[in-house]
Amino acid sequence: MAPAPTFLRITTMIVRERPNAIALLLALRGSVVPEILPHIAFVALFSVAVAALSHYQLIGLQSLTIMPVTLLGIVLSILLGFRNNASYDRWWEARKQWGQMVNEIRSLARVSGALLGEDAPARRAILMRALAYAHALKGQLREENVGEDLLAWVSREDCDLALATANPADAFIAQAGSLLGEQYRQGSLDSMGLRMLDERLAALSKVQAASERIATTPLPFAYTLLVHRTAYVYCYLLPFVLTGSMGWVSPILTAVVAYTFFGIDRLSEHLETPFGRAPNDLPLDALCRIHEISVADALGDVAPAPLPVKNFQLQ
Amino acid sequence: MAPAPTFLRITTMIVRERPNAIALLLALRGSVVPEILPHIAFVALFSVAVAALSHYQLIGLQSLTIMPVTLLGIVLSILLGFRNNASYDRWWEARKQWGQMVNEIRSLARVSGALLGEDAPARRAILMRALAYAHALKGQLREENVGEDLLAWVSREDCDLALATANPADAFIAQAGSLLGEQYRQGSLDSMGLRMLDERLAALSKVQAASERIATTPLPFAYTLLVHRTAYVYCYLLPFVLTGSMGWVSPILTAVVAYTFFGIDRLSEHLETPFGRAPNDLPLDALCRIHEISVADALGDVAPAPLPVKNFQLQ
Amino acid sequence: MAPAPTFLRITTMIVRERPNAIALLLALRGSVVPEILPHIAFVALFSVAVAALSHYQLIGLQSLTIMPVTLLGIVLSILLGFRNNASYDRWWEARKQWGQMVNEIRSLARVSGALLGEDAPARRAILMRALAYAHALKGQLREENVGEDLLAWVSREDCDLALATANPADAFIAQAGSLLGEQYRQGSLDSMGLRMLDERLAALSKVQAASERIATTPLPFAYTLLVHRTAYVYCYLLPFVLTGSMGWVSPILTAVVAYTFFGIDRLSEHLETPFGRAPNDLPLDALCRIHEISVADALGDVAPAPLPVKNFQLQ
Amino acid sequence: MAPAPTFLRITTMIVRERPNAIALLLALRGSVVPEILPHIAFVALFSVAVAALSHYQLIGLQSLTIMPVTLLGIVLSILLGFRNNASYDRWWEARKQWGQMVNEIRSLARVSGALLGEDAPARRAILMRALAYAHALKGQLREENVGEDLLAWVSREDCDLALATANPADAFIAQAGSLLGEQYRQGSLDSMGLRMLDERLAALSKVQAASERIATTPLPFAYTLLVHRTAYVYCYLLPFVLTGSMGWVSPILTAVVAYTFFGIDRLSEHLETPFGRAPNDLPLDALCRIHEISVADALGDVAPAPLPVKNFQLQ
Amino acid sequence: MAPAPTFLRITTMIVRERPNAIALLLALRGSVVPEILPHIAFVALFSVAVAALSHYQLIGLQSLTIMPVTLLGIVLSILLGFRNNASYDRWWEARKQWGQMVNEIRSLARVSGALLGEDAPARRAILMRALAYAHALKGQLREENVGEDLLAWVSREDCDLALATANPADAFIAQAGSLLGEQYRQGSLDSMGLRMLDERLAALSKVQAASERIATTPLPFAYTLLVHRTAYVYCYLLPFVLTGSMGWVSPILTAVVAYTFFGIDRLSEHLETPFGRAPNDLPLDALCRIHEISVADALGDVAPAPLPVKNFQLQ
């Protein structure tokens, strides 16, 4: 009997089952709590100081109402909501682009087989360039040296040629384009065939340009300033506003509110640059492995295993 | 006289007429109430306990105002609103992708008829691969063994070849691509014709890559944590805030508010992964049947009936 | 002198000039008021009862504040806003799809004239299939019997063949595809020409798949439940909250608030399924007439008049 | 030395430099104030009357709180926000479509030069049809008689033929399509060349269908009713709510709030129909002139000057 | 060993590492604070005056509640949120368009190499036109004279020809189109090849039309008026509302609230016109340099270095 088809699982980021409610409340991995804990602690301490001053009647806060923070709330909610949406859109667009790369490499494999023949050396050479492109782009986006890894797909000579240019990932696409040009001039491809294959390369080039755009164009810095300042003023106003009616409970509430504000602020900041190695970043290593599997299946090679999850996380 | 055209109805999920207002208030099927009932009950009990402590003056809550929950409300509404929109977008994008599959398979049938002839064996073979692809993709997305089902469309040999790869759905597309390559080399298709048919396969491949992206990339885990924690803190603060002015009515109100928060939270979680078999998931079985009907109509075979609704629900 | 170009006006739905402010306040046509009036009346009566009980001091409501409804307001505004946007997007997407059909049929007419010759019988046959497709799709989406209407465009034989399939609209597209295949095999079209014409058919097929998706995939039922229940609880809580401070004015205010909530809820429900014959639904009859005009102009036939507005409304 | 490249400036609508803060507060042109002034004045007078009745103790308003308007605020903000976004999206989509027309006409000029030769009479004839199309579409969208203007681009005979059809703009596209068909049958164009040029015509046809969609499909009328009624009830409730605590300041505040609500309501209404001649509508005349300049540059004719700004406004 | 691939970094705008919390609070570069400082100062002074008048009991403000500003808050949050989103969308779309230019120029280089041969003079001539186009478009969008810079890419003769037209950037695209036409008529390109290369030119033309649309179509002026007026009224109402309960703290709070409102207003205004040289505008110089690098790599020329960051900022 045929084996069950196994689903090529590329779970990103934090990999685990939905934990129960209490575990969720205590989870630290993938949470932004560790990073913002000092800020929360400082606000809470400040709030304790204000409560103490008020308790010993060194300052009088009875008359203060919630009004000031309500007024700031309008802009703060616009800014936090906007920044959160914009950052997530960047993260999700980055994931879509790399998801499209999956599809384009599979189609490149399929069409090159139909046009050039499944065993044509040019087909293998082009697909290997596509894999080198993916790995080089990963390296460029993460600012990591992937020079040695590339030798699994291309000769040292071709690799050195690419690394000598300003943009190695694009150089591998250009090499694939040159191979297509050769096939065209030799008559193995007509202009329609050239177009069909080049469309795939153009799509890969588009993925690269979009990835570069996301990696290198942060949200306008003025947003970061405006959000950051408004959130800080808000949180440091809270003790004055809360102490009058809440007394010693005020520091706890201040800390909880600061957690939500600093938390959403920090999370937005993480998602804004989705190509790193932080817990919520995109698993580019695992996606590159998907490409390797697609190409190996298409060429009849032995496909490598999908990347394992380490520490609840894919890279 | 000509019979009335019957509309190919693919109602998803919970299938029923709009019930009247009271029935809507009491409906449980398709509702998330059963799942979140324990959480609501627990919050309500907690609220009863707080009310009792306050009633017997073991704790004093008179001075507490609604301020604390108002402060949390800003971030909570941003987070719940965002997560709800993001989850629904994933669900709707998944539906769009599978809706595009409907269209691509119909166009594959039409174009292959025009180019290869309506009775060409290669046409039938390619369309059968498309059906096998759809069923295999369904199996992969739902992590179900559909190995036996595939034999209705492809020979055991071709099926085994596909199941031996890491990605059977893609393997069926690749097989269809090989068949196109054969026709091209035999001269039954020119390069333009090859392109027209391969465009359809590329579109199917795109649907697969998009489905894999949605199935394997959940929302960043930090969102789940942030939403979950803020909603819990909010609901467990409520009894303290409400008891002072509401007394024994407080547990009821707390339960109602908890219902809305936990309800929207849980619903987002369901829609985030739209390919399962839960009540609000997409009816992939019914959509695969649509493909079978399209192909049968195109090949002049007897079309199977659309899938019946069971238990108010399509699968 | 040349006559003024008359603009092909396809005003949808309720057709009238912007009325003055008072007329707007009283308008009933196109309004959802008649449908939700019973619900509003019931809430208002309930509120009168609560006010009476409070007036005769059978229940004490003085201590109740606006807090409970404020708490529910967060989720209610998220849900109503989301549902409203999602429903409108569906309605507008449906309109866009049918607007694209306008464009595709015009382009099919233009390109077929250039490729096959303006008077080629095959051109007329293909365009007639496109009209039959539009009418059949309209019938399928509205679940109306349009069998007899189709005979204006295709022979009874072709019509019966299409109606014998599970999806007559798609069958007409398939018939047009067969006609293209014939032209291709006869040499009247090269593969590039076949592609140019088939692209239009593929676009029509895409419009159909998108229309079917919208018609058959409602919003997840859990949303309807969650919105409905929260809105009802909200409105039935209002009398308790308002009576204390407002007394006998409370029923009026309750009715006004209920009008806005039930109104937006019902409107969303209407737009969710845009293909019916309700006042705010899309005027598919008028759009089909646009197609007829486009084809008649292209073939040099006498174009029918645009559909008249009946009762301030297009069908 | 080469002259500075002058930028083809198509500033839309109200053209002026950012005025200083005080000028902005007083500006009337482009503002919606003049239109809504009567409504604001009436609400303010009503508020004065309420304040007078209250001042002379003919009615008692002390007990009324802000609650009623807060309750209406939820739905009102959803509705105003939604309507504003939807109207702006229509306006911006209309601008995008007409911006794409710029691009398509430039590409039509470029490609026709490459394929047919820069001086081919057919090239000029086709480009003139494109200009006639743009002017005819402008006339149809604005319901203005542009019959005489068209004679600048096409012969009276061709013009009359187009004006005799139900849709002159489309007729000019069809005439261009016929010219392409002639070139194809004469062998001056192969099928690939025909496709390249027809793609541009198809894109122009798409712009037309989208413009017609926007011009003829207003937002569902029920929205207008719901927004209008809620805003009116809100504003006429305000005096009752404000007079108790604000006294004679109440009419001023009521007027200010009414200004913001009626202002955003009226602005949405303007943007909903972006093809007219109101101050915030799209400058179709100026855009048509851009097309004329593009075509003149391409044909080596003397390009006309961009349209001047009149009264701070482009048409 | 191969050198590490260096990532082509195009960081836009303000370039620096995430500063620590205190530095963020004090940063001025990239902030909009300097521009809006006078407005904030004036509101604060006004608030001091109101507080003084109230302190010396020249006016009585005790009875005023927060109600008036709450009422304005609804529309203000809709307007500020909308304007912020719309402006950012324009900025991001502009960045996307210029990012696509990166990709199209790379693909133009690749495909022209495959079709015409890597060393064909026509290839170099076409790519140089693409660079001249990018620089000319930059000049047109920024209204700067870039006439002399263009001579690095094209001969003075070709440059003068382009500058003599109304739209030099488009003229360079047209020149490239003419070169393609020559190759086509000489037989070096078949119609398919012509199409592949012209598609890239059409895409560049689309980038131009979109850039022109963004540069020349501001948001409807009525929005600026409505936002501006509402924000001013809001801020100048604040002192009256706050002084009663806050006394001398009121000016500080007023200034903080004014900072957030004027800040988001001014930031929106900056992003609305993204092609200038302000701190948050797009670095068109750096993007043009990217194109130069891509072309140099493709032609085997020595690639220039990426533009350095000056003063924490790219141009």
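Note that the chains are named A, B, C, D and E in the order they appear, and that numbering of residues resets to 1 at the start of each chain.
Criterion: a contact is a pair of C-beta atoms (placed from the backbone, for glycine too) under 8 Å apart; a residue touches a chain by one contact, two chains touch by 3 or more.
Here is each chain with its UniProt name: A, B, C, D, E = Bestrophin.
Just so we're clear, the structure is a prediction, and the values are computed from it rather than from any experiment.
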{"item": "Partner chains shared by chain A (Bestrophin) and chain D (Bestrophin) (touch criterion as defined above)", "value": "E"}
{"item": "C-alpha-based rotation, chain B (Bestrophin) on chain D (Bestrophin), 0 to 180 degrees, nearest 5", "value": "145"}
{"item": "Distance from the mean Cα position of chain C (Bestrophin) to that of chain A (Bestrophin), given in whole angstrom", "value": "38"}
{"item": "Interchain centroid distance [CA atoms averaged], chain C (Bestrophin)/chain D (Bestrophin), Å", "value": "24"}
{"item": "Sequence positions of chain B (Bestrophin) contacting 2 or more other chains", "value": "70, 76-77, 81, 190, 192, 195"}
{"item": "Arrangement of touching chains [line / ring / star / complete / other]", "value": "ring"}
{"item": "Complex contact set, residues of chain C (Bestrophin) against chain D (Bestrophin)", "value": "1-14, 18, 21, 24-25, 27, 30-32, 66, 69-70, 73, 76-77, 80-81, 84-85, 88, 91-92, 95-96, 99-100, 102-103, 106-107, 109-111, 113-115, 117-118, 190, 192-193, 195-196, 238, 241-242, 245-246, 253, 256-257, 259-261, 263-264, 267, 270-271, 279-280, 293-294, 296-298, 303, 306"}
{"item": "Footprint of chain B (Bestrophin) on chain C (Bestrophin) - complex, ascending", "value": "39, 63-65, 67-68, 70-72, 74-79, 81-82, 86, 136, 139-141, 143, 145-148, 150, 156, 159-160, 163, 165-171, 173-174, 177-178, 180-181, 184-185, 190-192, 194-195, 198, 201-202, 205-206, 208-210, 212-213, 215-218, 220-226, 228-230, 232-233, 269"}
